[in-house]
Structure formats: structure tokens, C-alpha cells
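One chain, chain A, links the two complexes that follow: it is found with chain B in the first and with chain C in the second.
And now, the complex of A and B:
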């Protein structure tokens, strides 16, 4: 905070520097005003569309509300009901399974391809592949899911048609619990690894070449350089990428909703799908909000844990 | 060239933003939402902007009879009826509910319980007697009963679709079969599928989509059972003014109630298990497809190309097949085969007047018009559905002295099956759709794949899971 008294001399003692200091103060005030003007749209937007809905959602978690009638106070009932809901338990189990598998796959694929592209490919191919790998991310997840459900339709899908032509028979891609989970994971990773890939590519570019040169002189090559130089120096990027991937995977919705609607059985039902179903299927906006609050707490805890662990595993210099 | 200073650039950007905000103000503030601040009757329709535009003739005809009522059609796009109702509910939450909503069986009881105005008092007005008698005389009572909830009528049904069996004539002839008789049995059906599989190995003998309408439900109904136990509300006052009033002397109306109720899950009872077992065996033997999720959109080209020999569909499919180039004589339609009964399931749709509407008289005028012969015809001038008025469900339709082709231009040889399904089988009724229908349908879809896609023990486990999901869905709404 600016201390005006420290920079503005007392009026009783005229000073030649006074007009200059006043001008500086005025300038600073002007700058503050300009900063406020420029920041206002973002602050107002965030406030209206992020902060207010978050607060409203937390408040709603303590009410029963079906949109049509007035909300009724429910205390902690909505939270109590969550712990006895087998659907939610299974959805949390599925979500954790999705998070673990998609994050590991996403990071592994993105890192592998980033190393390959940065280290081996010629420059023109690098830029082409950057675009190719990033492309799925700009597609609508719902559109991708619809196309995938057509491609892998057990009866008439293109993939099974070719498999049948080869005499391999049809595969129940989405009509068997385990294969449906695997397919959802693969589709999700295919669509999302591009961003992680770009992060890793940036991280790799920032590792000084002389570290590799020095290690080469010491006789280190290939895997040893990757294990002892690339991975440790990429750890800040890995931290950011994994935090973002986990937060995103915890909110997985589009793919299972469009392709399997959570089935077969409850095998692909995720927490966000339960939130949607409770809110718009069952008109239980209070319960849906309570699950939302619970999911937010889980995300915050996981992220905090990651940053805590990062003290041991992340090298910033 | 003049240098552009940062100050000028920022100023220009500011002015530009201000101009964009001013130009976009109606959109940003919602002022341009159709009919929001006018005095028009706001009608929410499940469909696209293009489908809403196709209702122009209907709106013009309505306004010719009601020049003082301005109508705004609000098309709401969604992947299914559940999505449509969710969007209507967001309009309600936002304080801008429509006056009239296009509601199908899926949402009939949800709307009746929470949002819709009962129509009993409007229908019983002496001034409406003639128009309403004309309507009820032309509409099968089971359609009316399906839109009754706890003794009151909430909609005048406009169209319906019963799940019948569509047959590819090519596949049938190849298997040495002709058009099956009306009273064929489920064993006849399975035998026919085996013959089709033998003579046409590349084809799918029977295809079905995994959904409430036309999925497992028709098979449950012909086996005289259902995943939810159905009871009936007492008819109450409707027994006098409706069943013994407008429907006096109509045998099909005798014993009708105040609407169906589904309060209890029964997915594990032997008859339900028996039905799922039939489908499971058909899938296992390669007589039926493994059920895919979703509607029948992807099915049209498969049926048109002869890759699918039989499937469940309704009158709505006739125009779709014609558009895909399928000739009338390439396919036919027959009732569901007989098992313990031959009761069919149907889904219907109509128009609900919103309880919150401040334009109820105008809304009633719309409901009355759209249930007239002219209004009902104009709302669906092609066989994209089955009109609820029997007189419209014919080879051709005469409106204002002009004869229009209907099933005579597009339609299979036995198109009369569509409406006769109601006349021939009195037990025919709506699929199970309590107020929590979206959750019921989701539970059925999710568990059906497991129930028919594996062993008998997996099927029983899936039915137990279905029972649990259904019970929770019914409890939470109660």
C-alpha cells in the first residue's frame, strides 16, 4: 500500500521537489485507476460466473430444492445421504480408477512423444506433429464421443466390420463392463494428451543443452541421461501437468455420458454423472450440490497432497 | 503513415468493446429471448429451429381462428425427452417458463405432479362440449388414460407410437416366409429369426435399441409384466364426466381409471426374469443384436439396405424410411407376437398448459385448436408419427374439403396396424413413466446390457442391480 505521508511534504514547508512528487502520486493514482478499469471485466466476470455460483452451490448443499418449489432447509441431510448411496460409492470408485489410469497413460504417452518429437524428428515434422497431437483437444468431446460410438458399435461399427472381414469376430467394445471402461479411458487419453504433450515439449526445450553435453563427456547416454537429467529437470513441468490432468480427470463426464450413459451396469458411471443425474434427472439440486462440494474437497486435498509431495520430488534448479 | 500510439490503440479498443456491448445488449440481457417481454403465447417445442419453422402453417391456421393471440414457438434441442425436460426446468428456474409445453409420456407425470394445470375444468365447460365430444369420439380411451394423473387429465394427446414389428420383405422372402398372421406367437417369431439367420448369415435377424420405448419393454408387456408394478388411480369425478360422459357406451372405455401409477419396483419377479431370459438367449444364439444405446437413427440405413431383417418401431418410422429411399413394398409392419398376452406399449405426446402461465385462456385456445382435426393434421402432415385421432390415421385425410395423402403415399401395406394396436389389444398402455422417469430409464438402459449380454447368473445379478436402482429412483422422487 502506498504511504502518501511519506512522500508528500508538509504544506507549511514549501519545497522545490513538491510539485514533482505530487505528479508522481497523481500518476500512481491514475495507474491504479487504469489497473482497476482493466481488471474490472475479469473480476466482475469471475465474481458473477465463478465465485457466486460456488457460494450458491455450497449454500444449496444444505437445502432441498427441486427448481419448481421453494428450497427447504435440510441441514446436513444431503451429506448424510451421500454416505449410504451405493451408486455414489461405485461412481467414486470408477472415477478414482479413471483418474489413476488416464493420468498415468496421459503423462506417459505425452512425455514419450515429446521426447521422441524433440529429440529425433526434423524441425518441419516437429511442428506438424505438434499440431496433429494438439488437434483432438479443440474438438468437442461430445462430437468425438458420438463418432467413437459409431466407429466401435458392436453390430454395425466400422472397426468390427473390418474385424469380421478378417475373421476375428466382433468385440463388445461398449457392451462389456471392462472393455467399456478401457475404451472410455483410451478415448479420453487420445483427446487430452495433446496439451500435456505441449507442456512437456516446452519443458524439454528449457533444459540447457550443456547439461547433456557434460553428461556425455562423463559417458552417460540414452536411458541414463533420460533417467538422471531429463526426468528430474522436467519435474516442475510434470507437477503442473499432473495437477491439471488429475483435476480434469476427476471431472470426466462427456465421454461416458454420451457413449455408455454410465453402463453397462454402473461400470462407467462417474461422480460428475451422478451430480448431473441427481440435479436434472431426479431434481435433487441439494444432493447434487452436496456431491459437488464433496468432489471439490477431494480435488483440493489431492492437489494439496501433490504440492506437498512435490517438495521431495520436484527440482526447481 | 501515421503512427498509432498505445493510447490511441487502447482508446479504439475501448470504443470497439463498448460498441460491441451496445450491439449485443439484447442478447446479453436476454431481451431477445422469443416472447419474453411481449404478450405472446410462448410454446416450448422439442425440436430444432427448423422443426419449429415447419409449424408455420399450424400457427397461421391457429391465428386465423384466433387473431388476437400472438404465438411464439420456442424450439428446444435435446438428445432425448429427459434432456428436453431438463432445459424446460432451467427456464422455470430462470423465471421465464413457457405457457405451453410439448410433453411426451416420459414427462407426463413429472409435469402433472409439478408443473402442469389440470384440464378437467376447461374440458367440462358447456361451451366446449361439442368440440370435446368430437375429439374424444375420435381418440382411443387408452391414450387419454395415459395422460391422466391421480384422477385429472393433464393433456389432450396429439400423437402416439406403439412398438410394432417392422419386417424386411426381402429378408422374409429369402427365408421362405410371407407376412406373418396377426396372432403369431413369440415362438413363431423366434423360429422365423432362426430361418432368417440360416438363409441370410450376413443379416441381423432382429435389431433392438436399448431404451425404454421399444427396448425390453414391449417384450415385458406381451409377457404381461413390467419392471414396475402398475396400479391405477381411482377415476374419481372423471368416471362421470369422462368415462361415463364423453365415452358413454364405448366398450374400450369401460373400467378405465384416473391414470396409471408406478410406485414399486419388481425387476426380480419370475416373469421379468423370463422375459430377459428370452432376449438373452436370442442375443446368445445370434438371433438378435446386442442392444446398442440410443435411438433408431442409425438403424434406418441398415434396415433400408436389408442388413436388419426385423426390428421394433412405430408409425414415426414410415416417413424416415421413405426419406431413405425405402419403397412401400420393401417392408411391412405387424403386431408384436403373442406371449401371455399381446398387449403393446406405446409412448404418446401432447401439450401441457403450465400452472404458472398468466395466459391460460390463450393456452387453452391453443390446446383446443391443436386437438382439432385440422390442427392435429397440420402439426404432423406426414407420417412422422401416428396421430391420436383415428380419422387422421387413414390412407388419406380430408381437411377443409381438400384430400391429402397420408399412409397412401408413404406407408407399408398393413399400415392399419398402427392404430389397430389400440383397438385390438385392450391391455395396450404407456410404458412405465412415473415422475422419476429419467432415472428409471437410465437404470433400465444401464442394467439391460449386462442382463442380456452374458450368462444366466450375470442376468440375475443385473436384475438385482436394476431392482436396487429402480427402488432408489422411486424413493427419491416420492
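And now, the complex of A and C:
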């Protein structure tokens, strides 16, 4: 330490240790000041546009408020009405049905294709397939919804035109309750499986080759290898992929809003659509907030479950 | 073939012209490709049919291709305004997200201070709350700021990013801390250490944050739907959906031309950022 001061005589001051400490503290202070400046936009921004809204949502959930008159204390009324309102009950049922089916389909399709594509040898072919399967994600859900509602339009859609030509008659894709649900699910999976597919490809690439070689020496092939090697070793990826798929499927909105407006009847009404309609259609901000709080709690539970499961069941190599 | 088999047994295993065992796999992949590309190919071809004869049921055909519908899209709709709004909103959000996430991520990775862990956990926790839940109070705040029904309503609340902060922290953590020590010995202050050593190295991490910010904002439908009342402030997704609603079945080609136009910038970003994105998503930082 003294050596440094000795080599810089210009800075040499009578008291030898004090300025040294000062230099360190000055550096510290400079660093702290910089940290504060660097953090300010993010912390203030997230505070104003995420933390305050979360608190406000929770508070609003206990009030009755239509913006025009002043908010009235409602206690748990908003939450009670959540469970008694038939529209909302069917929206919850629909959303759960969407989440379960889309997640299972998305994971199955993505895993199946990832296993097939991974075995493909020419690298250019593999990377082409990867780009093609990922491509729908870069479209907006709104665009995909427009395209699909034209393709499957009951009167003039391409699909029904061909079916008519084949003498099979036109199918009411979006005008029958159940088929509208199935179509929304298929369209959602069509657009989003590519992301899960990429996650699985990454997971498959991280499984060491020699595990397979060792098992084939032991006579295991095909399905047995998949069942007893690929699936267990892939479980960290499967867990992450399924949690991400569940969380994003819980928030499904664009497709049903654009394609069916929640119909026919309430068959494709989802939780987020009810939030939107309650708040911005009927000006019931209290009920809308209560639904939002409930949705957030569900998402937090799913995330917490992920942490628990990843500690207990997942094999990490 | 015989000589090759003799010389390189391992190569022939993969290069054999056709194996019946592979047929089902090939069929599955081809079907997946057709299902995946079919709707997009149909969109492209329909948008390139003359506007007046492109009913939705028009079969896929490569004849009579024209850019008539694209011209119609610009003539009948204010496409330029939609494009300008989308570019403005997406550009500002993307740049500001990269900037703020880069700065805050650096602090969380490199500069220790009291309460850092707690603050970072709070930021991470905010990622769990979906935008649809916070949108009601955000709408009120924006109204309070007298910004409702302006493009600022789409820009300002979208800038602070917990996810970007997280990504950039993970990225800066992978850079060696010795660089900072060496810089300090050379007499560089904290600002110079950041500015001339770490910031230039952050490009790959920033690219990922930028691509994801672009994709999320460019394709966002929900926020504009709530924030914008007048059609002069619509961005592309909202503008196209309202176009589809307003026009009858006769203008399928025009609407689809609009869809194609809106996709082009996203394709460009995807093509140029593909590598950075794939590496970022499949290695370390994301999991």
C-alpha cells in the first residue's frame, strides 16, 4: 500500500493512511451512487407499473367500484360472486379445460417431434425444421386468429370448400360449442408448440450419448430406451416446459377474443376475457380485480409446485 | 456404394438411401411440416390474388399472382399509420428495455449493496403476476397521467422489465469478475469499468432481451385493445383485427396482405437474431 503512495509523490500527503482509506470509501461511494442511478429506472418503473398495480388490485378486489361513483367497501362479496356467477363458473371450467388439453398436446407434439428431429442427420435439414416449427411463434396471435378464422369459416373458408367438393358437407368449426373449443385449443397449440419443441431439443442435446450406447449394449432399444433413459433424463426440461406452458395457457385471450368473442354461448369464454369484459365492458372493477387476484394466486401456486417438484422428483445429471 | 461401405462404415449408416424403418418417421415429419407451413403459404398466396376475386374459399393456386391487394391495403386502410405506430411503440420499448435492463442487471450482478438480495427477489416475484391482472390499475395510472389514448400509454408501462433485468443479471454473472479488478488496479472508476469493459461485452445478452422485447411488443394485442380508443393510435395487430371485423368477406385478400406486411419485420428480426436467441434459450441463462 505504502509503495503505491511512494510511486505517486504528487499525491503524497503528510498523513499516510487516511487518504488511502478515503480513496477506497470514495470509490465505494461512487459505486453506490452509480448503482442507485442504474437501478432507478427499473425500480421506479416496476414499482409504479407492477408493484403499485398489484397492491391496488388486491385492495380493489374488496370494493365495489364503477369509476363514476366513489368506491364502496364490499368485503368478500366480489369473491362470493366469483363462485356464484354462472358465466364466470363456465369461464373457469373452460380455462381449466384449455390449460389441461393444450399443455398435454403441446408437450406431446413438441417432445415427439424433438425426438424425431434430433435423429435427423444432415445438419441443414435439422436447422430448417427447427426454424419452420418455431416460425408460428413470431406471428402475432391476432394474425394467426385472423388467418384461421378465414381458413375455417363455415360459409367461404378453404377447408369447408374442399370438404364440400369431397361431398362431406361443411363443418361448423366455430359455430358449435364443442368444436369451437377444440379449434381454439388446436390453433393455440399450432402457434405455441415450437417454443416447447426448442426447449426439448436443447434438453435432448444435453443427454450424454454414451448412456444410449451403454443401454443398447444391454439390449435396450426404441421404446425402452425412450421410456427408461430419455424421459427420466429429460425431466428437468419437461418440468420447466410444462410450467411455462401452464402459465401462458392460463392467460389465453387473443384467440377466443378475435375468433369467437367467447361464443357460441359461453363455450370459449376464458378467465382473462371475463376480467376484460367485467372491467372495461361493464365497469365492475372490483369483481374484475378479484378474478385477477385469484388468477395470480393460481399462477403462484403452479410456480411454487414447480420448485417443490424439481426438488423431489426430477433427476439432475 | 460398396467401396464407401468398406471405407467408412459409420458414414453409411446415416447415408443409406432409404430404410423402410424410417418411413413412418419421415411421414410424421412431412405431415407436421405441411400442417405448419400450409396456413402460412395459403395466407401468402391469397394475399397475392387480385383483391376482387379472392374469396376465402379460393383454392391454393400459383397463377395470377399480383400485388393488387397490397396496393388496396395501403389505399383502403391507413396502413402507413398502423406501421408507423407499431414501429414507434416497438422501437422505443425495445431500446428502452435493453437500456434499463442492461443497467439494472449489471448492478445486480456486480455491485453489492445492502438489501440487494431482497430487492432482486421482489423483482423476480413480479414476473409471476400476469399483465392482464395489473392492467386495470395501470389503466387508472395512465388516465391520471392524462396519457390514455396516446401511444405513450403503450410505451411507458412496457419499459420496466423484470424479465430483462433477470436475463441481464444472469448474463453479466457469466463474465469474469477479474476484469473489474484489473480495471480498478489501472485506476478506472466504476463508471469507466462499466462503460469501457462490461458494456461492450453485453451485446449477446442485450440481443436476447431486445428480440424478446420486440416480439412481445410488436405482437401485443391486449394492451392496445385496452389503452387505445381512437383508431389513429392503433398498432398493427389491433388495426388488422378491426379491419377484419369492419370489412366483409370480399376483402379477405386485403386483410391478409396486411397480415403479411405486419409479419415481415418480425421475420427479419427473427432471421438476424435467431442464433443469439437459440443460444440464449437453450443454454444456461434461461434455466
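One rule holds for everything that comes next: the second predicted complex is superposed on the first by the 258 of 317 C-alpha atoms of A that agree within 3 Å, B and C clash if a C-alpha of one lies under 4 Å from a C-alpha of the other, contacts with A are read in each partner's own complex, and residues count from 1 in each chain.
As a convention for this text, a residue touches a chain if its C-beta (ideal position, glycine included) is under 8 Å from a C-beta of that chain, and two chains touch if they have at least 3 such contacts.
Please read these numbers as outputs of a predicted model, since none were measured by experiment.
Novice: For A:280, decide between first (touching chain B), second (touching chain C), both and neither.
Specialist: After superposition on chain A, A:280 lies in contact with both partners, chain B and chain C.
Novice: Name the contact category of A:156: first (chain B only), second (chain C only), both, or neither.
Specialist: After superposing on A, A:156 lies in contact with both chain B and chain C.
Novice: In the overlay, answer first, second, both or neither for which of chain B and chain C A:176 touches.
Specialist: Only chain B; A:176 stays clear of chain C.
Novice: Quick one: chain B or chain C, who's touching more of chain A?
Specialist: Touching more residues of chain A than the other partner does is C.
Novice: Can A:208 be said to touch chain B (first), chain C (second), both, or neither?
Specialist: So A:208 meets neither chain B nor chain C here.
Novice: Could you look at A:139 and tell me whether it touches chain B, chain C, both or neither (first, second, both, neither)?
Specialist: second
Novice: Is A:262 touching the first partner chain B, the second partner chain C, both, or neither of them?
Specialist: first
Novice: Touching chain B in one complex and chain C in the other: list those residues of chain A.
Specialist: 149-150, 153, 155-156, 280
Novice: Spell out the residues on chain A that touch chain C in their complex, using ranges where they run on.
Specialist: My answer: residues 27, 30-32, 34-35, 38-39, 41-46, 48-54, 56-57, 60, 112-113, 116-117, 119-121, 129-133, 135-151, 153, 155-158, 160-162, 190, 198-199, 201-202, 205, 236, 240, 247, 250-251, 253-254, 257-258, 272, 275-276, 279-280, 285, 288-289, 292-293, 295-296, 299-300, 303.
Novice: How about chain A: which of its residues touch chain B in the complex?
Specialist: Touch list, chain A to chain B: 66-69, 85-87, 149-150, 153-156, 172, 174-177, 259-266, 269, 277, 280-284.
Novice: Quick check on the complex: what are the chain B residues that touch chain A?
Specialist: 82, 86, 89-90, 92-93, 114-115, 204, 207, 289-294, 298, 302, 307, 436, 438-439, 442, 445-447, 449-450, 453, 462, 465, 468-469, 472-473, 476-477
Novice: Can you check the complex and tell me which residues of chain C touch chain A?
Specialist: Touch residues, chain C against chain A: 14-15, 25, 28-29, 32-33, 35-37, 39-40, 42-43, 46, 55-60, 99-101, 103-104, 106-107, 111, 113, 119, 122-123, 126, 128-130, 132-141, 156-157, 159-162, 165, 184, 189-191, 194, 215, 218-222, 225-226, 236-238, 240-241, 244, 249, 252, 255-256, 259, 262-263, 266-267, 269-270, 274, 278, 281-283, 287.
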